[in-house]
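Inspection log for the structure reproduced underneath, given as structure tokens.
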Amino acid sequence: MQPSRLTWLCLLALISLAVAPFIPPAGSAQSPPTPATSGSGASADKALIDDLVIADHILAEQGVLDAFGHVSVRHPGNPQRFLMSRSLAPALVNADDIMEYDLDGNAVDPKGRASFLERFIHAEIYRARADVNAIVHSHAPAVIAFGTTQTPLRPITLVAAFLSPRVPVFEIRRVAGMSNMLVSNPQLGRALAETLGANSVALMRGHGMVVAAPTLPLAVYRAVYTTIDAKLETDAISLGGPVTFLEPEEAETANKTLDQIHLRAWELWKRQAQANMCK
Amino acid sequence: MQPSRLTWLCLLALISLAVAPFIPPAGSAQSPPTPATSGSGASADKALIDDLVIADHILAEQGVLDAFGHVSVRHPGNPQRFLMSRSLAPALVNADDIMEYDLDGNAVDPKGRASFLERFIHAEIYRARADVNAIVHSHAPAVIAFGTTQTPLRPITLVAAFLSPRVPVFEIRRVAGMSNMLVSNPQLGRALAETLGANSVALMRGHGMVVAAPTLPLAVYRAVYTTIDAKLETDAISLGGPVTFLEPEEAETANKTLDQIHLRAWELWKRQAQANMCK
Amino acid sequence: MQPSRLTWLCLLALISLAVAPFIPPAGSAQSPPTPATSGSGASADKALIDDLVIADHILAEQGVLDAFGHVSVRHPGNPQRFLMSRSLAPALVNADDIMEYDLDGNAVDPKGRASFLERFIHAEIYRARADVNAIVHSHAPAVIAFGTTQTPLRPITLVAAFLSPRVPVFEIRRVAGMSNMLVSNPQLGRALAETLGANSVALMRGHGMVVAAPTLPLAVYRAVYTTIDAKLETDAISLGGPVTFLEPEEAETANKTLDQIHLRAWELWKRQAQANMCK
Amino acid sequence: MQPSRLTWLCLLALISLAVAPFIPPAGSAQSPPTPATSGSGASADKALIDDLVIADHILAEQGVLDAFGHVSVRHPGNPQRFLMSRSLAPALVNADDIMEYDLDGNAVDPKGRASFLERFIHAEIYRARADVNAIVHSHAPAVIAFGTTQTPLRPITLVAAFLSPRVPVFEIRRVAGMSNMLVSNPQLGRALAETLGANSVALMRGHGMVVAAPTLPLAVYRAVYTTIDAKLETDAISLGGPVTFLEPEEAETANKTLDQIHLRAWELWKRQAQANMCK
């Protein structure tokens, strides 16, 4: 039944596009993007779920999520809950696929929908970090090389200033020994949360990364620009010679600017994702 | 006459999409993807052929197959037979292009259709490996560098755990001397099957790779993630320093998980391939 | 209201395409592309604004601009003014987003529209360089590695001859100390303009680059081919051994040819951008 | 007037697609691709021109030609003539843009259309090589690094066997001194033809390459796979250790196979180019 939902959405979108010219413009300035995580209550949840679906699609289009990986957002009305899709490739997620979880990783109302094995990544970071309201777990190829070598991932461009002061690496062998390497229970989730500490990003050796942020658009932004910074550092190392990274003080100052301007990227990606969903 | 078949298929697909909203949904949970190789008999063959066509298109879209290379599936009703397209670029394959072969590489009912010169790759691996029901032969650029240097291709990410314990390299010079390098007869096919042994993937020096799996979706999955792992290892080596690969015990455990979750990728790629076939 | 404007534009474009066959051709030779910055006065401004919008879209499609970065053009009728979009991702820019600025970076008639923090890059280079009529500021990943290492970016291909004699690197620490690294005031803009000197391109350490040219199509051309040259030099270095760059005399001669033939690229990119804007 | 021609072509193509289902199929086997350079006389020229336009579009889509570079074919009815587009980005070429040249590089009937500055590359190679009937000149980034370092480009994969025995490098400084590096007169064309000798491909330092073949589809094939082989060799070198290239005897044998199977690639690319021309 996926197609039917998609078809309705697209028909509505196309009708909107056709009707739009006959609606008088509200003014010369365009309305600014609505912050995605500020609301609470029932209607806010609807907008938040829509943004979470968009985040899934953005991260797929930007190459951060392939068939695997997931993005979640803390429930604005109940900090002991978070929202995330059922076990499904992010590019295919629709609003009906969004489920609610408690901080033990239990689905509140599964309705027969399967859960991701690694939902404990999200549950335990939300439990440990009151400042975090959105989380991305990704297998992005660009970052995996860093997690498997001794070369640290560091901020080389100001738009990745959030990688400062450091990007820790989670070695699951230290807690699980020889395992399937998945963070598939609360104990492993806690160990990962401890490795993450107060940082924005932690690499997972031979696996990928986890990204945390105070808002959903900022988590998406950080996930995308972590992969870009990783590519840049790989290039710089291949050129040889010493690399100048951001100094911690520069990073701290630049990071405050990013907290302002990242919505420019969110606005772009959201528009692109909405257009692609109708293709 | 390709366009006419394609046009009919797309018209049907578009009509289905248009009609879909008026069909009552079956329930809130979406139907799981149908395993592709479980059936037998006439109707199962129809679904299997459709999946084989989809596999051709997926592998083209994922950059695993260009104009060359092929994917096959063992006949579910007769283990001495396998199905594969006529000699044609995989992106152009339709159901009418699928032919049936015996394990000597003879086409059962060619109807004038040309066969791939390297069909013996498939025939001899099916003969040697009762556990294998689907095979991909690819010239993917990402893996060729590994087959031509002394650097072994190894699992660096858990989603490529199937590369453990090792990826052997087939050097055709050892059996054919100075040849055109094609596996174009049963003897060369047997030599390649011997090099492959019980592994999932073998590289072919200066040529590409062969990938074997118990099911068609798993063969497609392994082919795609072999190219991703090769890219990751190339990146990790360029960063310098020692690289941490999966230990055999980790790989074995992780591989069991992949046998479960790879259908998430198949479901995504199948949807994307079906959408693109109608463009 | 973005969609409505876009919809009108696309409807007009589609109608033009449909009507075109019934208009008698003007001759067998096709009309050459109109130079984009030669006009002055009100009607010229309309064409120039359209070209500036196209430049924004071209640079987004060519991977030179992501959500950040900007392109500007000097006002043809008033050299103390320049045109640039409001603070917005370049791929989303429409004619109504274009604002006019003076050389102190003040918006002439903002109508509530937000300005880029780094508009002083443009203002101060226009002030310092009477020969410059168009400027691009970009975060293109391909060039950032060069700005952060000791490896100079040099012309390796004749189509990047404009990089000769050299590409200076702007180290903002020398003027701003530990800052957010943005060129966000006239003083920093002047320092960057001094680093640029009489060259076409300056790298900005950990940030990106700035590109200057006498016309808008040439600025777009130089921005795109700077990223291509950077990729080429990275490749050549990874092959090892000495690299043969253009000698200054070769570059000077080749550069004169580029001043002629770059419109072939502008014509191609403009057509592609116009087609994509209607999708 | 470009759009009008394109619109007619696409309307015709769409009508053909719509009508196709009602035309009875000719048989179960699809008709093989028509060799592109076998005809002669007026009607053959029409098919050849269509194929030349397709070749321009294929090479643009495959990343071999950007706004610059060109592809030509020898006139089947007059070996002292060749066909090539007017000075235009290859992706924009239509049948009306194809011009006829003699072996001095003079346009036979220019009708006001501008010629490429480097048409002498084609003229002089056709003069020197009676076996050559199609030529590509490209700035493909993948090959430029090889022309500027001491690392020779060699066949690493059997599908690039035509690179054997060697790929010479044309250093224009040896004949033109410090120039604009363009092969813009007959003397330089002859020097390049001498460097090419009896080989299929010659690199041009800091510029690109020239590719020669007995047929148009084979020239297109060789141009595409030269860029793929260059990428493979760059990857293999970055892995470290010795690289096993094709031995000359292997290459010679494999090359004969390519002369047969390259039409599989041509058929694929032609279909993709035709589909894209109507978008």
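Which chain is which? They are A, B, C and D, in the order written, and residues in each are numbered from 1.
Here, a residue touches a chain if its C-beta (ideal position, glycine included) is under 8 Å from a C-beta of that chain, and two chains touch if they have at least 3 such contacts.
Since the structure is predicted, the reported quantities are computational estimates derived from the model, not experimental observations.
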Item checked: Chains touching both chain A and chain B -> none
Notebook entry, point to check: Which angle of rotation, from 0 to 180°, maps the CA atoms of chain A onto the equivalent atoms of chain C, to the nearest 5?
Noted result: 90
Next item on the list: Find the geometric centre of each of chain C and chain D from their Cα atoms only, then give the gap between the two centres in Å, rounded to an integer.
Entry: 31
Next item on the list: Express in whole angstrom the distance between the two chain centres, defined as the mean CA positions of chain B and chain C.
Entry: 44
Checklist line | Of all residues in chain C, the ones touching two or more other chains | finding: 238
Next item on the list: Go ahead and list every pair of chains that touch.
Entry: A-B, A-C, B-D, C-D
Notebook entry, point to check: Which residues of chain D touch chain C in the complex?
Noted result: 1-4, 7-8, 66-68, 87-89, 91-92, 96, 111-113, 117, 139, 141-142, 144-146, 148-151, 173, 178-182, 205-208, 234, 237-238, 279
Margin query: Applying the document's contact rule, which stretches of chain A touch chain C when the two form their complex?
Written below: 16-18, 20-21, 23, 25-30, 156-159, 228, 231-232, 235-236, 238-247, 249-250, 253-254, 256-257, 261, 264-265, 267-269, 271-272, 275
